[in-house]
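Below you'll find the structure, written out as structure tokens, and then a few comments.
To keep things simple, chains are lettered A, B, C, D and E as they appear, and every chain counts its residues starting from 1.
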Amino acid sequence: AQGDVIKIGLISSLTGAVSTYGQSVRNAVTMAVDDINAAGGINGRQINLVILDDKGDGTEAAQAARRLIDRENVALILGPVITPCVMAVAPIAQAAKVPMLTPTGTGDEITSIGDYIFRGAYKDSFQGRIMAQFAAVNLGLTEAAIIYDVANDYSVGLRNAFKATFEELGGKIVAEESYSTGDTDFSAQLTALAMRNPQALFIPDYYSTAGPILMQARLMGMDAIMLGVDGWDSPDLSALAGGFEEGGYIVNHYSADVDSPVTQEFIARYTAAYGQAPDALAALGYDGALIVAKALEAAGSTEPEALKQALGTVKGIDGVTGTINMDPEGTPIKSAVILQSTGGKWELVDQVDPSGR
Amino acid sequence: MPTTAELMVSNLSVQFGGLKAVNEVSFSLQPQTLAGLIGPNGAGKTTIFNALTGLCPVSGGEISFGDQRLTNQPPHTIARCGVARTFQNIRLFKNLTVLDNLRIAYHKNRQYSLLCSLFRSPRYWREEEQITARAKEALELVGLATKAEHLAGSLPYGEQRRVEIARALMLSPKLLLLDEPAAGMNPQETLTLLELIRRLRNELKITILLIEHDMKLVMNLCERLFVLDYGHLIATGDPKAIQSNRRVVEAYLGGTGA
Amino acid sequence: MTLLEVEGLTVHYGVIQALKGISFRVEQGEIFTILGSNGAGKTTTLKALSGLVPKSGGRVFFEGRDITTAPSHTLPALGLVHVPEGRRIFAGLTVADNLLLGAYHRRDKAGIKEDLESVYELFPRLAERRKQDAGSLSGGEQQMLAMGRGLLSRPRLLLLDEPSMGLAPVLVEEIFRFIQEINRRGTTILLVEQNAHLALEIAHKACVLETGRVALSGAAREVAADGRIQEIYLGAG
Amino acid sequence: MSWHIAALQQLVNGLALGSVYALIALGYTMVYGIIKLINFAHGEIYMLGAYFGFYALTLLNLSLLPAMLLSMAAAALVGVLLERVAYRPLRNSPRISVLITAIGASLLFQSTAQLVFGASFKPFPQAMPFRRIQLGPVFITNRQLLIFGVAVLLMILLHVLVTYTKFGKAMRAVARDKEAALLMGINVDRIISATFALGSALAATAGILVGMYYNRIDPYMGMMPGLKAFVAAVLGGIGMVPGAVLGGLLMGVAENLVVTLGSSTLRDAVAFAVLIVVLLFRPTGLLGKKGIEKV
Amino acid sequence: MVKPRLTGLIKIILLLCIYGVVRLLESRGLLLPYHVQVLSLCCINVILVVSLNLINGFTGQFSIGHAGFLAIGAYLSAFLTVKMHVPFLAAILCGGLLAGLAGLAVGLPALRLRGDYLAIATLGFGEIIRVIILNMEAVGGAKGFSGIPKYTTFGIAYLTAIITVVVIRNFVHSDYGRACLAVREDEIAAESLGVNSTYFKVLAFALGAFFAGTAGALFSHYLQYMAPTPSQIGFVKSIDILIMLVLGGLGSLTGSVIAAVVLTIIPELLRGFAEYRMIIYPILLIVVMLYLPAGLMAGRELSLDSLARLCKGVKSSAHYS
């Protein structure tokens, strides 16, 4: 039965507190796989997607990975979604020599676990640096404050990178506050930040938390320039932020203004299929599947060594999040854009060449 | 082993908030006496027991037993000094077997160490056997040898009282305090109990102090009585004297008393 | 008139059969006492009557009405009130609140007030302490409170379980006087007692339970005269 | 902003956050008071209340007050059913077994809500205009004021209910001794159901107000606040109505004070440390009475 | 009754057989590394549940912060093997010992707090540990601690689990264990019988924490990565352990073992059901609790004796039918 289908495993957080992100990824990956299969599959072989839940927990993710590798004999693992799960799965995949690609894992150290580990997203350090450069150079800011989630690796990683670069460029982080995943009240931290009157506030977190922070900050009378990251990208941000994202800047993979029909079509189809517009994680999930498909096609087999080789070298994938070129190190080389929210829409203000990293 | 220690209570006071439940009470108890503590409800009898066994803080006065000072010692220390008790509201370990209830009470005499128990050294086995044997002996004494494996909570009230006494005996006490041992027993059962208590004193040569409202039992059994009212000791003496004490009759015994 | 009629009542605790089919009748206006040694099933009988333990067989009629399966909380309104073993007063509530809870099912404000006053009259000591936390009362006072609380339900039949347990001799006398007084005021009483002496003295009729069966029953005086009873329960042996 | 004004502002923020905890803690304490159950599912009923409110406001287009009433009624129904199905059969079982079914119910509600309402964060309809009220150097928003006001008002109402009404006395009697309460003619089942209804309606009120306040709801929103509210209830002395509010407010203020003192990363740790220290000095919470155990 | 020596021997043989069978099936490819992995996790959970049973089940304290001890053992041992190159066995012991010390510290509030108040204090303690780890850069902070070598094999986990169960069983069946039971049943009565309840509460916490710490050490070298998340070392994990404990039956060691194994495997079986998994699991939990309110074993133990009796019963009933 090996001959006619290619088995791919997806580990995602379908239940638990981060399920909203996991479900976005699952939805998008399923859509991508259906698309590929409908278009005739890969080199004539259909993809068989096995989806396992990890509940957002590392132990569960490791269990799921073992099962995919040992019992399902998958050719490749897509996922997991959040870093604690990715970090638990990566050593297993590496040891078993089963290539793995996390569409969303951003922690710098992920890909250094081994040569079988790949990702589809930016590294935290890349994105954080881009935003810091933009703030210091393009906006000419000298002072900024940060509010971040100590319990979230993504947030911490971005904060570290932003802080380092911003200070390198002569800026000063005048205040810094943190909170924990699941918090909803940021008034204490924001009051402490407001006391320092920072020029800008960097909020490296997903839209679900960035939204309420933006709103609470503005309602408190804070008038700093708000700086964000790709996690802000969601149609729900505006409602969650009460419209107060207006004027803020984010780093993102793509821009609705400039982009390709691929992006537009994805947004339309995803919305039609799932009753809600895609967020950044959905976009990354879709592209993750595209990268994998392209690599499988290029490798021409499911042989791990070949597949690994292909994953590190596939180029020119026309994804939802822009053109993707993979790198043997495991992280894609993607362009980044800086968007500003104006009149309720994200508009392109700058484009950063990937070599700028 | 015969008891030679004497219980001395001098100016004992116990206070609960504004309430002086026990007020400057002094008495002493010669070794191997069988004595009774009586008085109206709320007079402070149980509270005196609690003070003697360290279950409630003493606000004034001194308690000594032989050459040991018991005042405000933690209960487990007092128990180790040889003072054992039963409770007015039976406090058996209801979910454990009768045998286990008794074996627990051997605690203070146990010799083997934690490591012995974790790795079950021969010493552990030897001593465990000994403990079980002792417990069975004690059960025999109160006439409950057949109930060793029953859950303590499943026994009828009267038997539970006797288990509690047997459990207290496992401590090899020198002083035994019994709080209303006959409560809820019918006259026949009370009689059996009376015999048991008398035998305990005679055979084990221990001092016994008991609280009881059943005047028949008290008058038949005790050699010496202490009468408490509103926290004050109002009379001391042998049963005859107490029975004819007008203050005691008024405060406690009433018309038909005894 | 027969107030309470019990026919072949059985009760199981798990596999243990605590009552093995007991029958008796209580007539209007009398004091009926149930005697028996520990574990004979006296408490169980009362609990079965007031629905606290499920009956596994038999029937119970109260004023001719079948109450075998009536839920406990509906019985006080019918006039069947149980003052349980061990008093079970509500600590943390005041004496007055405890008493008023006895009248929980009643709506006649005036009647409640009247009964409250008469309980205070019967037990002046409770009147002194109406605002006090019931948990801080002495044993005898708690027993009075429990009985007073029962009276506020306006019982036609009052089930009393060992009301003299743990009380000082003076109080025992007092409690028995109260029972007679309550009875004189028109309440029928079903009394469970360990103090057989006093119980038989004030009761009109009596029955003796032995391990879940009725061993003997009849007029109190006759029961008291029975040799076996003399020996076991009156300590005359 | 100077340092002490900021501290003052933090105090106000803390009180507002504390009101949120207090509001949830009230329902916790009611249920605990009567059956001594840490109703782990309370946080989820709060979440359901928020969703009911959300749909009443969006799908049914109701205005705030009717939406709130509808959500309270629906949450009350859920609470009563929950007690009926998962707690009542275990009334005579060890307390910890009920705790486990409560945890089970909490997980079940979370995942069912995720399935039915979707996993995503939903912005809550802003049914009330936003206003900022300046109080000298510090400010407070009208929503903070509303939550604080509602918490205090409910506390007073509940306190009166529990202390002075016949229902309240029956509740306390049931809490003390269910069997004896039955003998008083109290329908224990009904009183417990009513308490669950009340506690759940309180949770729904909290859900809507808090949803509106933070402008965000999701199926897992009950977890952390549920836990914190429970901690607050314990801090105040669980089972005591005023204790819930006191504990909540104190937790809120303490958390915000920790941030002011400059260690936001350790906020939760410090909050818990404070709790443990308070408990060591007052082992039954701030207002909790020491249970007198007569030996 | 079978003689103790004999039953001891039978038990040892049985346990060796189980190990042998697992190994055999593994070598034949009938058990995949995946299955063995699940079995290792079962063993780790057995240690956690049995050690919590000592605190909650036998000593009657209400701790819901057990994952805190696990965290200490997991992180310390990982730190030692990764950064200090300490041998694994020594690291396990150190993890256990530090957790045991923490247990002593937590035992102290247990002296003043009862029931739900103690529960909250232990929960708070667990969260404090987690937040501290979250803020410790030396062990990775929020990033988590990665690169832990995979030292935990099924054999080691299995052996440790057996040692834990045996030691705790021996403890429970000694005077020390009976003293704990007495504290659980009635502290006042226990004290008046000469049992120093303070000492035994703290002892139970320390001993329970020690084993939880060793479980933690096994766990971090099993997963090769630790993250300071609630589900891994926080209250979610603590509650998971508690669920297993109660489902097995408080005060029953065999119950704990069975529940730990079953509840580790069930989510695994349900994994393919995606979102429905987390609906099925709690329903199962509630239903089991409703039908077995005192847990699977309800305070009883499954012993060779009872098994023998059961077999005989089956045989004899078969004979008569």
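Here is the rule we use: a contact is a pair of C-beta atoms (placed from the backbone, for glycine too) under 8 Å apart; a residue touches a chain by one contact, two chains touch by 3 or more.
Quick caveat: nothing in here was measured; it's all calculated off a predicted structure.
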Checklist entry - Counting one step per pair of touching chains, how few steps separate subunit D from subunit E? => result 1
Next on the checklist: For subunit C and subunit E, which third chains touch each of them?
Outcome noted: B, D
Next on the checklist: C-D versus A-D: which interface comes out with more C-beta contact pairs?
Outcome noted: A-D
Checklist entry - From the C-alpha centre of subunit A to that of subunit D, how far is it in Å? => result 35
Item to check | Separation of subunit B from subunit D, taking each centre as the mean of its C-alpha atoms, in whole Å | outcome: 48
Checklist entry - CA centre of subunit B versus CA centre of subunit C: separation in Å? => result 31
Checklist entry - Distance-wise, how many Å sit between the C-alpha centres of subunit B and subunit E, to the nearest whole number? => result 41
Checklist entry - Where in subunit A do residues touch two or more other chains at once? => result 15-16, 19, 150, 180
Checklist outcome for this item: subunit B touches at least 2 other chains through residues 55, 87-88, 91
Checklist entry - Do you know which subunit E residues sit against two or more other chains? => result 131, 134-135, 188, 275, 278
Checklist entry - Which residues of subunit A touch subunit E in their complex? => result 14-16, 19, 51-53, 55-60, 62-64, 66-67, 69-71, 83-84, 87-88, 91-92, 95, 107, 109, 113, 149-153, 155-157, 180
Checklist outcome for this item: Listed in rising order, subunit D residues that touch subunit E in their complex are 38, 86, 89-90, 93-94, 96-97, 99-101, 103-108, 110-112, 114-115, 227, 230-231, 234, 238, 265-266, 268-269, 272-273, 275-276, 279-280, 283-285, 293, 295
Next on the checklist: Show me the residue ranges of subunit A that touch subunit D in the complex, using the header's touch definition.
Outcome noted: 15-17, 19-20, 22-23, 150, 177-180, 182-185, 187-189, 191-192, 194-195, 207-208, 211-212, 215, 219, 221, 236, 239-240, 242, 276
Checklist entry - So in the complex, which bits of subunit D are touching subunit C? => result 166, 169-170, 172-173, 176-177, 179-188, 292
Checklist entry - Which subunit E residues qualify as touching subunit B in the complex? => result 167, 170-171, 174-179, 181-182, 185-186, 188-197, 299
